[in-house]
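As structure tokens, here come the structures.
Below, chain A partners chain B and then partners chain C, in two separate complexes.
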Partner chain A sequence: MNKINNSQGLQIPEKYLVTPAYVFFLVNSMQVGVGILGFEKYLVEKAGFDAWVSILIAGGILHVVLWMIYRLLQKGGGDIVHIHKLVFGKYIGGFLSLLFCAYFTLLAFTVLITFIEVIKVWVFPGLQSWIFGFVLLLLVYYLVSGGFRVITGVCLISVLIGLPILLLKFFPVQAGHTMTIYPVLSHDITEILSASKQSVLSFLGLEFLLIYYPFIKNPKKSKKWAHFAVFYTTMIYLISLLVTFVYYSEEQLKQVVWGTISAWKIVEFPFIERFEFVGIAMWLYVVLPNICLGLWGATRIPKRVFNIKQKYLVIIFCIGFYIPLGFIEGRPVIDAINTFSGQAGFYIILYIPVLLALKIISDKVRKRHEK
Partner chain B sequence: MRNKCLFIFMISLVLLSGCMPNQSVEEVAIIQIAGYDLGEDERIRGTVSIPQYGKSEDKASATELYLTVDADSVKDVEKEIKKQSSSPISTGKLAVSLYSREMAEKGLSSIIDVLSRDPRLSRNMYLAVVEGEAGELIKSGYTQEETTSKNVQGLIETNNHHNFPTSSLHDFLYAYYGQGMNPFLPLLKKQETFVELSGIAFFKKGKMVSMIPDSKVFTFKMLKENFSAGMQDLPFREGSIMMDNIGSQVNYKMKGTMDNPSFEINISIKAEVNEMLGLDVTPNPQLANEMEKAFVDYFKKEANELIKMFKEKEIDPLGLGSFAKTRRRDFDLTKWEEHYPELDIDVKVDMEITEYGIFS
Partner chain C sequence: MWKWKRKGKQKSSKQQPSNQQSTKQSDTIPKFIQVMSNSEDFVTYTLSGRTKCTISYIKTMCDSKILNRSVLTTLNDNHLHTLHDMQEKIPVEDIQITKDLDVIKEKVMVGYIMLQVRDAKEEVLLIPAVSLEAREVSVPEVEFSVVGPKEAFVETLNTNINLIRKRLPLPQLNIKEMNIGKVTKTRVAIVYIDGIANQDNVDTVTQRLEDIEIDQVTDSSFITQVIADNSNSPFPQLLDTERPDRVTSNLIEGKVAILVDGSPHALTCPTTVVEFFGASDDYFLPWHLATAFRLIRLFAVIFSVLSTPLYVAVLTYHHEMIPAELMATIVSSRSDIPFPPILEVIVLELTIELLREAGARLPTKIGQTIGIVGGIVIGTAAVDAGLTSNVLLIIVALSALASFTTPVYQIGNTIRLIRFPFIIGAQLWGLIGISMCMVFYIGHLIKLQSIGRPFFEPLYPLRLKDLKDSFIRLPFNKQTERPVLMRTGDPQRMNSSRVNAKRDIDE
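And then the complex of A and B:
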């Protein structure tokens, strides 16, 4: 019947689909989040000022991963839940899908608490997390209950709002020392690769394709847009990193917790003295789709596994996000959660090629049986 | 019904945000300049000035309130001042922070930590070392039109565009934390009725170790950065000439391996001569050549003296170490620091005098 969506096993009515070009915004806005505000420090700790090579390597790896994801989805049809069911059967597959759900939940939650911490440290030291969290989660609930198309719209807005902030990189470059970026590679390959691993962590977000793929109209055409998005993200990260290299000295950067926000401090207009306040406020729009899409992905999986209405799941998850908000405080805890979710994301990335291999094998076995 | 509830809730979200506690500018004590001296018993004596807005009828006059406290640390100064102030203190507009020379020689490390940690401080603020008491400098109001903070801030800012090298908080922190470079700050001196920039103070690990007078500042800036302003005078024949810099460029070149490094500093200056005092000749190409040669010799001599002083004190305000680090793979800080006092640095100056003003 529906020739446009040729994924087997899962049919989404056409009125819920989005056009292929929106995949650009979906992938890019999910990749750019709170990570970009302070990723420089971790890279420089590992590979010094050679970390820009690591960014390029990480970008290359992600293109390969993206190719694998598309290969998996195009052959398998449907989403990750469907593929798990095909490869592992109903119970093990369901369990693995729930692991993905836990990971998406963790990702959304990490973004939420990290952003609240940024507001606390930089703008309002006395901010009550539970009040701000309540209002923010109300907004998130409103957007997520609007469905996938609304979330796509939020992603579009977030990419557009993020654009003018990029222009502000001009100020730190002006105040900095361009002499210090000179391509001398003084770190060995293991250090550069470990920094690459670190930067993969801040690039996380494209694995959400595994769950929203059936919502793309004419998904084959979206492939190039997804690759554009990954390329664009890599460039944004590369520029941000080079700008902080120009602006800070190496040893100094190792001690700066939020490299990008600290660099906003030098921005000065006649009508506004502290730009970082404006920047952080605008960053809410960049962070919002991260939380929304994370929550949507996290609730979509149990819906597909257990056939529960997504609406109830969203309410339950929102409450689940809300309760621990007041208790999680302080840099060490939040840093630990960030590191943990980064590690989890790294294993998810490693898991994708494994899944692809298993899928190909199981397809071959099945074909032989059919003969 | 449900929609009505939601509507009221949304409206109250918007309207109730106006119920946040607020403070108007007149009711906040905004500290714009702070000075620190050594107090008794290893304590710090902090002095701040708080401008008083809207108190007097005469709008042109600037009145200030000065508070001095003794405290154990920088943050403690803030706490002690709060005890003396009738209105809430705000440090967000702090534009200048001064330290007495005694204190700078003892070390500013504890203060630098506060400066780099506090998110409320601007990265564009100025730091300076004061010859004598910092508190004294703040307390003697100089002009009726301006507050001391505006005066000192303006002084440093204008001079950063002329003879003095740029020195904001960010530049200081950049060099303080960076490897292979050392920070410097402008040196202020209080005269009878005004404040003047009297030179540059050089730091090593947060301790002031050396200084140069303002007559040598032009040469230092020339070695440090590209700029197109500033003036330098020089005795020439029986009189003296004044040079107006219209474009100076500096270039570092590193030669040799890490075991035996050598540096070449190439400077090229374009200048105008705007004053020829006591010279009774009309400008001609030959005279220009002579002047150029006199300036080149002078700058070479000055630059070599400066570099010799840097080597003796083992400081690197030019950032040659950090330059070497970006150019050599096998850079090693301890090895570099060992080599530094015997480093071979060759300064080459190329000067071109283009104009002589509108009068021959």
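And then the complex of A and C:
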């Protein structure tokens, strides 16, 4: 692996590398974002209370996609920019890489505005997104400027802090009825599959492997951790979904935009009530790695393509994020952006097998030429 | 970080200023004596007894016992004509003959006696007669412990090294010395165990110390600030301790210690943020008790930093979070208060800080009075007058108390300070503001390094092995390896199979 990296000028100094186990945190924290706070509604609209089957199917699909990503990276060596260059040449490859950059930017931006929307809806209706966004982006800049290792650290913290929040699922279960899940499988296969497609969207985040792969020490060993991470994410989503199914009725769930946050409301301790405030504040830890890694990935691509300093790119992208913040408001707009980035992610996932196929073909052609 | 310093400094330039001075003022011994004679405590006279020679020394730096008993008696009793004769006869250790003016100046300034004879004008004899006024080794006051050794470092480097060496009778215990400070020329020693300490760490410390450009080093904290990886951070990146036992156990773990002459504190590095919350008491107690106390301390620190910001956040924005019964208590205590929570908190926090500053600057006996006056009288009066609420007074007092549980004084200062950004964050965006502050500090801690090693270590990079002695302390037989952080050449502390050998019943 090292030899290949050497030949492509992609060798990252050892002090910037992370050990394979961190791939677990990187993949998991990127997959769990704002989506999980309100994904239930979209699934239930498609497949009713059979949506949990869809989650399992989507999880299975993601394992396959992950396998493909690793295949691609191990064959090509280096990152997506390098693979694009090998397969498509300098110009088309560069253009395709920039599409990835646009996608990562979109993903980070979506997470940012959705989180601000959550805060507006649940905590501060009169929040000045200009000021809040400014401070939040300063924070993001501070973290991203620390480099990949710092971002990995934030991912680790986010997964660790996310754990106790999961335990809160216990409260809605106490208040719920398990019988509502039955009868099992009353929807037909197309409905379930379309819900699977919907849930793939909330699982996005794997694709970042394509850009941070060279930063992993012994990348081959990281494969199992990535698969663990996808499995863990699937389980988190599955449990969240089942808990909301137990807690809400099917018709009610279609009306609830933020299923998970609404379920937090009933959490009660002797000294604290209305746990959603704490939950949303804690969710900042879960959201930040998404924005940071998104921004890092988005700025790393132009750095690799054009050889621009990433420092300046991060500042430019932060400003780019900041300017539209004040204008984007209201549920419909944010919903549209979410759907759009979801669609984009879906196509990116579809594109990966294509790229893998092209890569294999181009390798074969090249070998034949060499002979 | 040190580039700009290195750029401006050629190898020779370090010596230049003093050389220039010397060429101007005293490039010969007579001129040196002449310059010195401006000070009243410099004594020079010629003996005209059996031995004829000139004696010069600084009265305030020399031990008159050595001068009177060993030097003058020998000189008066014998016929000695050359410096070599004197060197043989005078019963004092380590007498040297030199022509080097720099050495002569350096030695005379620290209290050596200089002897000259008429025949050899260039050469002088230097007799060590340094009198050191030093404090006795006493009980540690900052890091007091109920059980365990009660020795603390003092202001003399030699005594401090002695305190370490007598605990570590090892030939591998290396001590490198250098002089730092253009004017003070303070002796600074790097202490480490060869073979256990990572050579990279030793080299980093040595190189950073050599690169220091500073005029004075009056305390070890100067060194901490100058060689820190990020000198803008509120977190100290070298652990300072006044306990020789703590330094010793750190050395055995593979750390490097820095001792500064004139400072009763040793610095150890690399260190982690968790280490600042461990006390030496933790190792003198059974492991479960020690673990419990460590967790209590950790909780205390979190409470101390977060309690008042949470008060501001909850009372300003999220009243709904408080259960109805508890709300009644808080409302009744706050009903007469004319201020918003943020003002109330800032005033009270500043009052506590004021008391602390005043208490620290005053003599102990008056300090206690101030504590009573401040804590009880002002507190009660403020509540009676309706300026602050009872609940907040309890919270603030508790958080002040909690911040004293930190075993290392330096981190206590940090904790005092870092709560203020949290309070501001809480006032701006409630719990989310607190979260943002927390993320900032976590990010900062992840970025920080202690001489190139991660400062947030057992947490990130996550090293489960090092977690055994961080928030918890497992028994000694579970800690058979040195911390991974040190990257030591010899990771095995003891033979784990022998330590953990199981015996059967009745064997």
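A few remarks follow.
One rule holds in what follows: the second predicted complex is superposed on the first by the 361 of 371 C-alpha atoms of A that agree within 3 Å, B and C clash if a C-alpha of one lies under 4 Å from a C-alpha of the other, contacts with A are read in each partner's own complex, and residues count from 1 in each chain.
Methods note: a contact is a pair of C-beta atoms (placed from the backbone, for glycine too) under 8 Å apart; a residue touches a chain by one contact, two chains touch by 3 or more.
Since the structure is predicted, the reported quantities are computational estimates derived from the model, not experimental observations.
Residue contacts after overlaying the shared chain place A:Glu250 against chain B, while chain C stays out of touching range.
In the superposition on chain A, A:Val135 contacts both chain B and chain C.
In the superposed pair of complexes, A:Leu284 makes contact with chain C only, with no contact to chain B. Of the two partner chains, chain B is the only one touched by A:Ala175; chain C is not. Within the superposed three-chain model, A:Arg274 lies in touch with chain B and with chain C [touch as defined at top]. In the superposed pair of complexes, A:Phe327 makes contact with neither chain B nor chain C. Comparing chain B with chain C, more residues of chain A are touched by C.
Using the contact criterion defined above for the overlaid structures, shared-chain residue A:Tyr91 touches neither chain B nor chain C, since it reaches no partner. Put simply, chain A uses residues 135, 268, 273-274 to touch chain B in one complex and chain C in the other. Every residue of chain C that touches chain A in the complex is listed here, in rising order: 317-318, 320-323, 326, 428-432, 434-436, 439-440, 442-443, 446-447, 456, 459-462. Residue ranges of chain A in contact with chain C, taken from their complex: 18-19, 21, 119, 123-124, 127, 132, 135-136, 139, 142-143, 146, 149-150, 152-154, 156-157, 268, 270-275, 277-278, 280-282, 284-285, 288. By the touch criterion given at the top, residues 13, 92-93, 116, 119, 122-124, 168, 170, 173-179, 181, 252, 319, 322-323, 325-331 of chain B touch chain A in their complex. Residues 49, 121-122, 135, 175, 177, 179-182, 184-186, 248-252, 255, 262, 265-266, 268, 273-274, 276 of chain A are the ones touching chain B in the complex.
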